[in-house]
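For reference, the structures are reproduced in the following blocks.
The same chain A turns up in both complexes below, where it pairs with chain B and then with chain C.
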Partner chain A sequence: MSESIDEGLKNELQKQGIWVTSTQELYNWGRRNSIWPLQFGLACCAIEMIATAASRYDLARFGGEVFRPSPRQADLMIVAGTVTKKMAPQIVRLYNQMPDPKYVISMGACAISGGPFKQGYNVLKGIDRYIPVDVYIPGCPPRPEALLHAFMELQRKIDGQKLTGENKAEHLNRAQPSEFPVPAFGAHDLEPPANPEVFRPPQIERV
Partner chain B sequence: MTQNPYFFIVIFVGVAVVFPLMPLALAWLWRHFFQPPKPGAQKNATYECGVESMGEAHVQFQSQYYLYCIIFLIFDVEAVFLVPFAVAFTGLPVGAFIAILIFLLLLIEGLVWAWSKGCLSWAREKNVE
Partner chain C sequence: MESLEEIKARIEGAVPGAAISIIPNPGPANQPSLLIDHEHAPGVARFLRDDPALRLDHCSNVTGVDWLDRTVTAKVKVKKIVEGEEKEVEEAREEFFPGYLESVYHLFSMALKHGPVVIRMRTASRGEGARLPSLTPVYRSAEFQEREIFDLYGIRFDGHPDLRRILMWDEFEDYPMRKDYREPDDYEYEPTPHDDVLEKAKQHYRARPPLDGAENLTSQQ
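On to the complex of A and B.
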């Protein structure tokens, strides 16, 4: 849709005081500047998340200040901290209860892979085994600047999402599921240990 | 142009109807053309803290705490009477002394009665099911 407007013509019109846009740009502009995160912290990364939201780093500059205590009103889930196997079903359930479009930032080494507690018997080896993650932030814990960077990356991603056509955003696709199966707390491990629909482990290639 | 003085109210009513209906209609159109609704069992669940709700919502709580409240209130009021009694103790005539003793006796009797009824033991056996 945005391709139909010539960039040069658009600039020329803007100089004359006429602002031309498309539905897609307007839609993405509104969405990316009002990302409401879920108020939800798991471990020490949550402290950095709090610092990011507070006045010094001020996530509000990017439109993310309204931390929602209810998943019904949230657009973004920041998985901030170690995900224990006992907590994983609750996280997936919260994710399921968020309305579309929804995004996930996996914050810190623990949420990405289990981090320093990876060998622990009760630590999930990455939240991306159960829910699709949009942005990963390395660090233990990541500094607030890193979370801001991830937030801006997410805004960039939202900005690039198409409203129509073949490559339209996933949440606009009728076939794309909005809920993912919640793992059950089994005798030894979570069952299933990963959601094959979401989790594609990197293949090791030996050359 | 002669107008009915109530004509403005008609305009206001029209605006009041159109103004909220317009975003609703836009949202409906948006849903129809772009974003398909994706309801689900968990998405539509009533409880939203990540934990599954269990049991009935219509549960009854034991209201035995009110007995504690009443007993506390009575003895709190008693303390209010006892303080001036203690202050004026040396100058009291015998009649006033006996009167306050009767007052204390009545309250102690009430405490004994509540105690013997089992009001002071938390989670009484007969209420535990």
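On to the complex of A and C.
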């Protein structure tokens, strides 16, 4: 493991043309530089996401250029835009179809909380009610730089994931679910309105 | 284009039995409209579309309106016998207007480049009687918009070829654009609540656990 390699010795060896690394480091280096997002957009945030992927901002610099049209080949779900209650079950189903390890970026005010449509009847108040989110980006819509920043945050997160031991990555823990129940269309709302396994809002205490 | 009064008179001539009234609009738009009865609505719409002087061939917009039950209190002067002599007394009278739903059609003429002529229909009630004749057989462009009104206001359009919900899912039972619609209570997490949202969010607040008495020690010293 990388912790067990002496940094000084590693540097010294590198000067002599010997590159020492660990499986974890190599594995995470590979994973973080080839995060393939799922190709779908929901609203205006998707336009910013497209701009991020196009030549000016060029997500390819970070290894994320290959937007996959199938969830089976995707590592990252960028929830870019307003999630309506009618769309939410499909998003959860797509997430369930992605292979582990998988990550979610909640892009923009709507995907975080419902945004300007929060008090409406038809918009989900945040995708984190049904699936776990790794990085949230505020903004309406967030600029491409913000999405790049979120992407780099995610890379940092992947880089820090352990393969063994107590604090190993969630996807390596068999007890952690990688699929979540798809909400059903109910008579008045989605059923259930949130997944209590995933969505644990902070409780406010008042006298 | 001729005035609404002239149009009304011509419709009444062309569609016998049609009961049409002009609904004034006192607002800044000042756009009065024609209220048409259910039975003759398709006939009236067909006349408006086909009449060579009008040729309102384009139905640009169909909207729903919800009017709740309302009671209007008006002061009326009544002659009454008070203490043996007749006097004029002001009396408050309450008048009850039952609620109804409305669909409003905005008609334009592409051929003659005029419009809009606004026609509207009213349902008998907001409950079971929320039915109107569909104008989709006359104006094809009304199809989706009537579906939307059905979805959000709950007006059933008789004669509509494909009356289903268009925005909400089929299992949904409420009509969200009605004024008495109450959305499901999902206010468990509101970071910056205010006004109505604050009241709803307060329902989810947990009571603060009892203090342990330490706060009294400092105040006594």
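Just so it is clear, the second predicted complex is superposed on the first by the 204 of 207 C-alpha atoms of A that agree within 3 Å, B and C clash if a C-alpha of one lies under 4 Å from a C-alpha of the other, contacts with A are read in each partner's own complex, and residues count from 1 in each chain.
The rule we apply is simple: a contact is a pair of C-beta atoms (placed from the backbone, for glycine too) under 8 Å apart; a residue touches a chain by one contact, two chains touch by 3 or more.
Predicted model only: the values in this text are computed from it and were never measured.
Undergrad: First (chain B), second (chain C), both or neither: which does A:18 touch?
TA: In the superposed model, A:18 contacts neither chain B nor chain C.
Undergrad: Which partner does A:206 reach: the first (chain B), the second (chain C), both, or neither?
TA: After superposing on A, A:206 lies in contact with chain C but is clear of chain B.
Undergrad: With both complexes superposed on chain A, which partner does A:172 reach: first (chain B), second (chain C), both or neither?
TA: First partner only.
Undergrad: Name, in rising order, each residue of chain A that touches chain C in their complex.
TA: The touching residues are 85-86, 119-122, 125, 185-189, 193-194, 201-207.
Undergrad: Chain B touches which residues of chain A in the complex?
TA: Spelled out, the residues of chain A in touch with chain B are 70-72, 90-91, 93-94, 96-97, 99-100, 163-164, 171-174, 177-179, 182.
Undergrad: In the complex formed with chain A, which residues of chain C make contact?
TA: So the residues of chain C touching chain A come out as 167-174, 176, 181, 183-184, 186, 188-189, 197, 201-202, 204-209.
Undergrad: Sort out for me which residues of chain B touch chain A in the complex.
TA: 34-36, 38, 40-43, 45, 48-52
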